[in-house]
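Everything on this sheet refers to the single structure shown next.
The letters A, B, C and D name the chains in turn, as written, and every chain counts its residues from 1.
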């Protein structure tokens, strides 16, 4: 297969993407006009994007189309007009613009907050309380072919010894969170154990995340390396030079200004 | 003890040879699957000692009155038993050790609610086939999931404990609360901002108004704003969700009124940036770099943006106080902020800051419930271990109460 | 020592940033190829694929979008290179509409470098809606599920699909997933019913959660994250993006660890001095 | 009037809260349908609320431009970016692909939003390093424990570490599978107590600050 020529729109895209990437990275040096430009462009595009998306997916698909279809098919049915309810609630939120009647928006807030609180209760109890208890409460010993045994293998998460460690960890960290109990005497020992568990876990989670964060940077750099190629018109080196030069010029200008004042 | 596996082994290889021709399954029943949304039937029959992996069971079903039967499932006859942990003891569809098969509606054999179906089993071994009696069943959706009744009881009991401790706190408001350093620092952070003449930045997290952690963050915002109102300090609250923004607007306004400083309230305290995660982060980082707030508050739920925000804030030398229930982001808050409210402490913060009996009582109620859960875990582990040692399932009557069933 | 330590402990963050940037960039430009330990779960995928006879059917499902590209693209490339080298027939597809363009590029690129022809040696079916329902429909009739491929060529009669009626005729299948649903879905609605062997490739974040599937034999192998991709590249003897990426990973981790150690050295130097003063 | 301003919102919260808490225990399809429907409603309500957000953005930046505050030019850039994105979006009918070809809207997304998102995200790699340098000091026994476990896991995760110190891999697995799960479990249980407690207080009308202050009498 012959080497494909990259379409102009892709090359243009590569330049735009590379430029914006470098502008944002320049923030690692310090706040500067290029970062401000990148930041405001980014925020602007994201707002515009949300507006378009909300228009088509919410107003069009969830509100207008069902209403239109419903009115055409069952104009008399009450269910047809159901999307009007959230539309009305949405309008109530907009009363915020008019201080006199802005209290009406509370009705919508009550609706949203009530729904959220209600939905949360049984689901939280199910997956964050009962499920967690269920997974913690495990027999410490197993009955095998050769009788009763307690697993001492640290490498197997289900072994008896790990079940005990897990139990100690959960109980001591939970104890640390007690608000109305003084952390003195045996309580202090338990709470201290809890703190150590917390710190080890936080350290481990931190160390574990390093890898996936580095993967992101590697991915980003790989794109920049790709765009450095001749087929993209050497976008990366050219734009890198432009960025560095403009930063230097800006730095000089601000220094001169500061010196002049 | 050595003989046990040997006997088992003999049974395994010898089983089919001694068992003779397959017998038709005993006690075969078909009924509506309990505790479900309908469109499914349940089949139950007694286990037989001659069940083996070489003997297969086929499920054949037809609409009633039966005309053409269709094979809908096939499996070895020594599988699909009711096991401990599948169902709670108060909602068992069949006895322990019975065979249980759930027959959901499928493309191959759709099941509709309210329609009768006939099902029979074909036991097949070698060249021999034996049909069971046919049984009829009608599927229907149910109005209550009995298997989750323990969840409901838990919620009701927790409500009771909560209301009880709130009432108790009203009668006796002097409850000991241990110190939380992050909350002692709130006042200090506000004071420092005032001294330095720099603004205070407060973020409510990434959640919408139906997220409980966002609600907690807005409640704390009210109390922070009340303290801020006493000083001549600017409060800045950039938002990702317009509804949260509107709610916070009301909360902050009210806080200034309660503090007796309605004149000091500025309409532009709360403002919206964008609903997109990383452009919001870029903009907030920009605010931190340009306006150099002396105190940054991060409350509510967060995702990957957490470190992008806190590390920038640390670079500007602000006092940073975080509070989040997002356990995956806690390591980053703990390492980059001066104070972090870990998990539950986010929900306790408003009680600490306000000292209102309702809130303090809630903490007491939560402590009781936590103690109860700790007890359940310790006792449960002991009972589960005893169950293994004594070879009994009697303790499951207790353990099942704290399992999550779907 | 004290003055130096004080200066080093308050070191400008930008120097750290620069070190990290270099630690990523240099290995990417010039991989030093640290030895990669191949885990049995990756070896299993390689062995199965390697044992397939020529012209066997290999189905690769790209169940991710550009945000997981850094980890899953190298896996896809390594698998495709292996498949094309073994002269397998490759069917590629995606369940994620946002991943369609990315998947098409990857398949076309690897095919081009190995001189394989679209329609004859491989086909990219593109995206179709339905999720699990799509798998069921592919299990019944592939040509109904995908009447035409991504470039709008009718699938019926394509040389690459000769003798393939549905998923039962697939010899090996790998789902590269950025969410648990990808691999699990392929197992529950595909492999379980239509009896083809399958493996999974996943991002580093979700891979640990898939080990139960591996242990129970629901998938015969698992490629996890960039590390898994690097292992696969090592196995096929073509070190590529992932091996270079792993070098960068090692380098950055090493830089951070050295920084942490140094910072503690400086910290103790300062504290020791303080102790003397007191 | 007081009823409308205070009692009605509280009543709505109570009814919604109780109804959707009970919804969980009802497997009937009607209950499933109700929650799907109301979730859609929430999307519609937030759609309307976006108007509020945009108004806020316009207010903030229009003021900047009018006062010619420092950096007001960037506010102009922001408006331009919003306008262009919206124009392109509506012109493309909100679709990023039409007939298999990329639309202008799709192009804008692929070459601005995607790389910018990736770039901001990847800055974490730098920050995680500088945060580690600052925070991982053996100031106290707790800090030392944090430091050691982080370093061990960092070693155990990459080929170089596994090569130099092979045992770190096993220790990493153990730390993550056992200690980390224990802590996460405890945090989750604690958090659920807090969040269920707050939800109950809201439903029962004991916490009403989200309605704009107003304490329990």
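The rule is simple: a residue touches a chain if its C-beta (ideal position, glycine included) is under 8 Å from a C-beta of that chain, and two chains touch if they have at least 3 such contacts.
Source: prediction; values computed, not measured.
**Q** Chains touching chain A and chain B alike, please list them.
**A** For chain A paired with chain B, the chains in contact with each are D, in label order.
**Q** If you tally contacting C-beta pairs for every chain pair, which pair wins?
**A** A-D
**Q** Sort the other chains by how far their Cα centres are from that of chain D and give me the top one.
**A** C
**Q** As a quick test, compute the distance in whole Å between the mean CA positions of chain C and chain D.
**A** Inter-chain centre distance comes to 27 Å.
**Q** Counting in whole Å, what is the centre-to-centre distance of chain A and chain C, each centre being its mean C-alpha position?
**A** Chain A and chain C have C-alpha centres separated by 22 Å.
**Q** Averaging only over C-alpha atoms, locate the centres of chain B and chain D and give their separation in whole Å.
**A** Using C-alpha averages as centres, the distance is 18 Å.
**Q** Nearest whole angstrom, what separates the Cα centre of chain A from the Cα centre of chain D?
**A** Whole-Å distance between the two chain centres: 5.
**Q** Which residues does chain D have that touch at least 2 chains other than itself?
**A** In chain D, the residues touching two or more other chains are 21, 24-25, 42, 45-46, 49-52, 54, 57, 71, 102, 110, 113-114, 116-118, 120-121, 123-126, 128, 130, 132, 134, 136, 146-147, 150-151, 154, 157-158, 176, 184, 187-191, 193, 195-196, 198-200, 202, 210-212.
**Q** Which residues of chain C are in contact with two or more other chains?
**A** 13, 17, 20, 24, 249, 252-253, 256
**Q** Do you know which chain A residues sit against two or more other chains?
**A** 24, 27-28, 36, 38-39, 42-43, 45-47, 49-50, 93, 96, 106, 108-109, 112-113, 115-117, 119-122, 125-126, 129, 133, 136, 167, 170-171, 174, 177, 198, 202-203, 205-206, 209-211, 214, 216-217, 219-220
**Q** Please list, in label order, each pair of chains that touches.
**A** A-B, A-C, A-D, B-D, C-D
**Q** Quick check: in the complex, which residue numbers of chain C touch chain D?
**A** 11, 13, 16-17, 19-21, 24, 34-37, 66-67, 101, 150, 152, 208, 227, 230, 246, 249-257, 259-260, 263-264, 267-268
**Q** Name, in rising order, each residue of chain B that touches chain A in their complex.
**A** 1, 4-5, 148, 150-152, 154-155, 158, 175-178, 208-212, 215, 242-243, 246-247, 249-250, 273-276, 278-280, 282-283, 285-286, 289-290, 328, 330-332, 334-335, 342-345, 348, 351, 363-364, 366-367, 370-371, 373-374, 376-378, 380-381, 384-385, 387-389, 391, 399, 402-404
**Q** Quick one: in the complex, what on chain A touches chain D?
**A** 9, 12-14, 16-18, 20-21, 24-25, 27-28, 36-60, 62-63, 82-83, 85-87, 89-91, 93-94, 96-97, 103, 106-126, 128-129, 132-133, 135-136, 154-155, 157, 162, 165-174, 177, 194-211, 213-214, 216-217, 219-220, 223
**Q** Would you tell me which residues of chain B are touching chain D in their complex?
**A** 35-38, 141-145, 148-149, 151-152, 155, 158-159, 162-163, 166, 208-210, 212-213, 215-216, 218-219, 222, 239, 241-243, 245-247, 250-251, 253-255, 257-258, 268, 270-279, 281-282, 290, 304, 307-308, 310-312, 314, 325, 327, 330, 332, 334-336, 342-344, 346-348, 356, 358-359, 362, 365-366, 369-370, 373
**Q** Once bound in the complex, which stretches of chain A touch chain C?
**A** 1, 4, 28-29, 210-212, 214-222, 225
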